[in-house]
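You will see subunit A twice below: alongside subunit B first, and alongside subunit C after that.
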Partner chain A sequence: MAEGLLEIKDLDVGYKTYRGVTSVLYNLNLKVNRNETIGVIGESGCGKTTTMKTINQILPDNAVIKSGEVNFKGKDILNMTEKELVKLRRRNVSMIPQDPTASLNPLFKVKTQMKDVLKYSRQNSEDLDFKEETIKLFNSVALSDPERVYDSYPFQLSGGMRQRVCIAMSLAAPKDLLIADEPTTNLDVTIQDQVLRLIGEILEEMNFSAILVSQALGLVKKFVDKIYVVYGGTVIEIADTEKIFENPIHPYTKGLIESTPKLTGGGFSSGIAGQTPDYIDPPSGCRFHPRCPHHSEDCKTEKPKMREFEKNHYVACWRQ
Partner chain B sequence: MAENLIEVKNLKKYFDMEAGTVKAIDDITFTIKENEVFGLVGESGSGKSTTGKVLMGIHPPTEGEISFREHDISISSSGRAKAIKRDMNMVFQDPGGSLNPTKTVLDIVGLPLRIHDMVDGKKEMAKEVYQLLNTVDLDPERFMYRRPNDLGQGEKQAVAIARAIATDPSFVVLDEPTSALDVSIQAKIMNILIDLQDEYNMSYLFITHDLGLMRNIADRVAIMYLGRFFEVADSHVFFETPLHPYTKVLLGSFPTTTKEEEKLKPDLKARGEIPSAMDLPSGCRFHTRCPFKEEKCLETEPELVEVQEDHFVACHLVNGVDDVEYDVEEVEQEEKEFEYDIEGIEMKT
Partner chain C sequence: MDMKKYIGKRLFWAIISLFGLSLFIFYFGRIIPGDPIEMMVGPRTPDHVIENLRQSLALDRPLYIQYFIWLRNVFQGDLGFSIVTKRSVTTDVKTYLPRTLELITYAAAFQIVGSFLLGIFAGSNINKWQDHVIRIFSYIGVSIPAFVFAIIFQLTFAYQLGWFPVTGALTSGFAHPPEVTGFLGIDALLAGQFKTFINFVHHATLPAIALAIPGTAQVARMIRSGMITIKQKEYISMAKGFGLPERTIRFKYLLRPSIIPGVTVLGMQIAMMLGNAFLVEMVFRWPGFSRHAINAMLHSDLNTIVATVMIIGIMFAIINLVVDTIVAYIDPRIRYGGRS
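Moving on to the complex of A and B:
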């Protein structure tokens, strides 16, 4: 039996906005075992980053956690004191943020920012040669010119270089759980491959776990064991990676996989019809029903339960 | 024959840093035609964004010429005519950093309209912005009065695209414009971009690491490595019969979702360290990572030559489509041994 590391239960999170409080995450459930890498996919604005920021408790001020549990090693993160949270972030959970530009401070050189990270995340950091450690990390994420990067301001680096600086920061002290929110959007495929393989090796060696959030389905397919598909703040399908691509069940998952542009050409699909839900007043029942070609009356009134469709393949849809 | 919209000749852009000079663009020559999507792929840090920024006048070129409909624009943006500035726009790589966090979406998208006197008063501006948001698939009612910090990453990108097309420009640099969008919205936005291009006769410089996306949007594609172009060809030629070893390596590493795509991928993997942009290798700057390198590759830098109509390659070992002096299959075995090697090294670090 796999050992659980993180378990999110019935999480509801929204934001205060000028139109009222939104309901973004809605009964979201997610589980990560030790030594497991899961992928989280779903369209822009479906709540992926919100979920990840809840785990690390770095949500913006206007966020409202309404209910739910986020159990990490059996302890609910939502009930932790500030002191416990600081420890959690420094020792247990690290995050590669989605927007590398926004998460690096534009006013400080990379070396200053790396030093801070090393100082707080490593034990016995007084004896550390910060420069040497940093250069080593930069080499491991395939940054050429590590010395120059070390001495640069963020704006003097290319998008992919900034992203690798963020990755290096998150790997400065490997932790039980690595959350990677779109970690490679700015990297070319060869470096992408190299960096993700490196992360994979670290995870395996240390018996750690990871959550990879990405729109790049090809990439997810290559690197994760299990996929969670999120729509409108809730999980609608879970399966082993191969299964999702071979046999997607939920109409939304199908639409997503069909929309991937192919190396073989053939133009763009029309995408999934309709817009993402308005979180102020989200659709009743199944949140996907207004966009679903197969919906019927019960889809409008009741939220579909997650049930096992086949072994290791779960789906929340009334029509399946 | 389509007219040339942008002509770039022997363009160089160097950045002087304390540690040395970074040759971000090191002598590139190309044209973008009217109504064309010109794609740019390549190594991270190879100079793609810098190329876009130099065309936009954000950085003045170190050397070389750029013209736009035959007007010289080899200068920074402040020296350019207002009409030209209105006609060129850019969607920046990191959507977050390019949007003013203190402004609402309405003001952000409306700003270029105001600067270029294209609207009369707030009300008309709001009307225009309403339409633009609809165009990029953002519900105006919900998004008009929100600020960048309250938006998801993909929503920010959609706002940046709306802003870039606000003034009906003829030319737009799209730097990873959909990297944060899911494939479904991406497909919608790509269709919108293609429609806009047809309808208003626009041209794009399109930069992306997503080769699947590139295959489906670009008319022509160039591949860049450490500031130089290695291969330029029509999109289908580029993807189906690439000639430069680096192009093959890049295509070979692309993660795909279907078996048909797998078949199209050359069987070459990346190897070696990426050289420093401040201390370039001698001869062909790719030789340190090329499985086929020969004596001459270490000595002289290959020029970009036309090996068949509209297909340009910069490689000593490629003299024509049928005259390629290297053999991919031959290195496959070697490649396998090499894989073990890398694994050995990685275990140690």
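Moving on to the complex of A and C:
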């Protein structure tokens, strides 16, 4: 049994909305071992960002964590004090955001924001030459013209440059876990590949444990050891990366593999008829059943348990 | 950097608007009332006298020439005579306007400090009791006009409790300081008459607070809601995610974008005080320009009305310029042209 770094158990998270409290994450289980890179895959709106933001506790104010555990190095993040959380964010968990444009403050220069990140995440940062460190980081993420970027406002940079700045921020201090939440979805198609390759290099070089989030299986397969397929706020299939492509079991996983990413860069169409569930009143039993071509009565009444299909390959589906 | 260019551009537009305003005022003051000669002379004045008068006042020249002559007079400080005070309007302005500007400056100080403190305090304690208390204050402040507060304050804190003087700007017996700037407070300080200065401020406090309350309430609400909006932004979550301390996030990364709408409205509120001061000055018998202007309006004193409109226009132009400059300083996207 490999040593667990992060272990999410039966996590239920929703949001307060004007229609009531939603149930987005539902019995979500996920595990990252030390030095392991996993991929978390699912359609838009299936709860990937919600899961990631639970890990370092930066969910929006209207989020409600109903139950579950998020154990990091054996300690439950959900029971941590604010002080412990701040320490966790500074020392242990880093996140590359989904939308770099929205993730940088528009009113402050890159250097100001970089400086604060360095100041608070580096140990003994008092005697740090912030400019020198920033430029070093910019070079490591292959930002061209780092001096200019350093002295710019975010709106003066291209999308790709902004994302490189965000990546530089997430690398500001050594951490145990790097979360990349769809780091290329909001970038031009031409830039997507470069940024993804950069992240691949970083993962290889730095021996991080990492979670790579994506809507498309194909996009992450080069980089991850294991894949978690998420639907409607719960994990429905887990397998080593090759296995999932060789032998996908869940109808949803099959659908994801068969469909191809749209080239327009506007995300990804799953090729599976139907929509993600309404989280105010989600489907009973297996949340996928209304869209599943093979569903039976069992699927409507009871949530399928995660079962071992073969070694290192788990699936939650009544048909297996 | 680009800031200078930006201010230059704003200044240019301010001047254009004032030019437009002057055209309007000229039309309003010279054309609408009819033939000024007929208003000046009696019915049995001989024709050649009228003709001479017309020539000497340049009323026989084309309209645009008349406009430039009028504009030249304005720039030379000649605004005509007031039929109410029987003095030159310029003299009236010099006598009364400084009192009002002093009152407005004092009120603006209350408004800036008050709205920021309340807004930030409410925005930092959303839905806690502090927020509720401030919300109640805001509702009351926004829905009741300044002069009502003036009456309430006067009755309570001046008449009943006696903490403040009831009316006026200086207790009788206090000699006015020698006039240097025309501003009573400043002149008193320049002359080293601190007691006079304190006495003046004491008189101005209640009217200034009354004048400040409605705007304070509105701007405080805008700052509060600005903070709520910005709090939900991704960049605030990310700042938190990178381990920045709560204090740095709140007072640096959250506050700055949150106050932009509030600052704009704050400027408008201060500019509008000149109008709102009318009734407050009446209540406190404050020897200010607003009270004087109302009087002029009631007596159809055209020259004074023209001067009032002009002063309000200039005031708006100046405050707009200041606000635009501050907002551009806060938000670089504006400075660098076009928001993305």
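As a convention for this text, the second predicted complex is superposed on the first by the 285 of 320 C-alpha atoms of A that agree within 3 Å, B and C clash if a C-alpha of one lies under 4 Å from a C-alpha of the other, contacts with A are read in each partner's own complex, and residues count from 1 in each chain.
Criterion: a residue touches a chain if its C-beta (ideal position, glycine included) is under 8 Å from a C-beta of that chain, and two chains touch if they have at least 3 such contacts.
All values derive from a computational prediction rather than experimental measurement.
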item	value
Subunit B versus subunit C as contact partner of A:Ser144, first or second or both or neither	first
Contacts of A:Gln156 with subunit B and subunit C, given as first, second, both or neither	both
Partner with the higher number of touched subunit A residues, subunit C or subunit B	B
Touched partner set for A:Asp278, first subunit B, second subunit C, both or neither	first
First, second, both or neither for A:Asn56, with subunit B first and subunit C second	second
Which of subunit B and subunit C A:Thr301 touches, first, second, both or neither	neither
Which of subunit B and subunit C A:Asn207 touches, first, second, both or neither	neither
Contacts of A:Val117 with subunit B and subunit C, given as first, second, both or neither	second
First, second, both or neither for A:Lys221, with subunit B first and subunit C second	first
Subunit B versus subunit C as contact partner of A:Asp99, first or second or both or neither	both
Interface residues of subunit A shared between complexes with subunit B and subunit C	60, 99, 102, 156
Subunit A residues within the subunit C interface of the complex	53, 56, 58, 60-61, 82, 86-87, 89-91, 94-95, 97, 99, 102-108, 113, 116-117, 120-121, 153, 155-156, 166, 169-170, 172
Touching residues (chain side subunit B, partner subunit A) in the complex	15, 17-20, 22, 41-45, 49-50, 93-97, 137, 139, 142, 145-146, 149-150, 152-155, 157, 175-176, 179-188, 190-191, 194, 209-213, 215-216, 236, 239, 249-251, 253-258, 260-261, 264-265, 270, 273-278, 346-347, 349
Subunit C residues touching subunit A - in the complex, by the definition given at the top	231-235, 237-246, 248, 252-253, 256-257, 330-333, 336, 340
Residues of subunit A touching subunit B in the complex	15, 17-19, 41-46, 49, 60, 62, 98-102, 136, 139-140, 142, 144-145, 147-148, 151-152, 156-162, 164, 182, 185-194, 197-198, 201, 215-219, 221-222, 245, 255-257, 259-272, 275, 278, 280
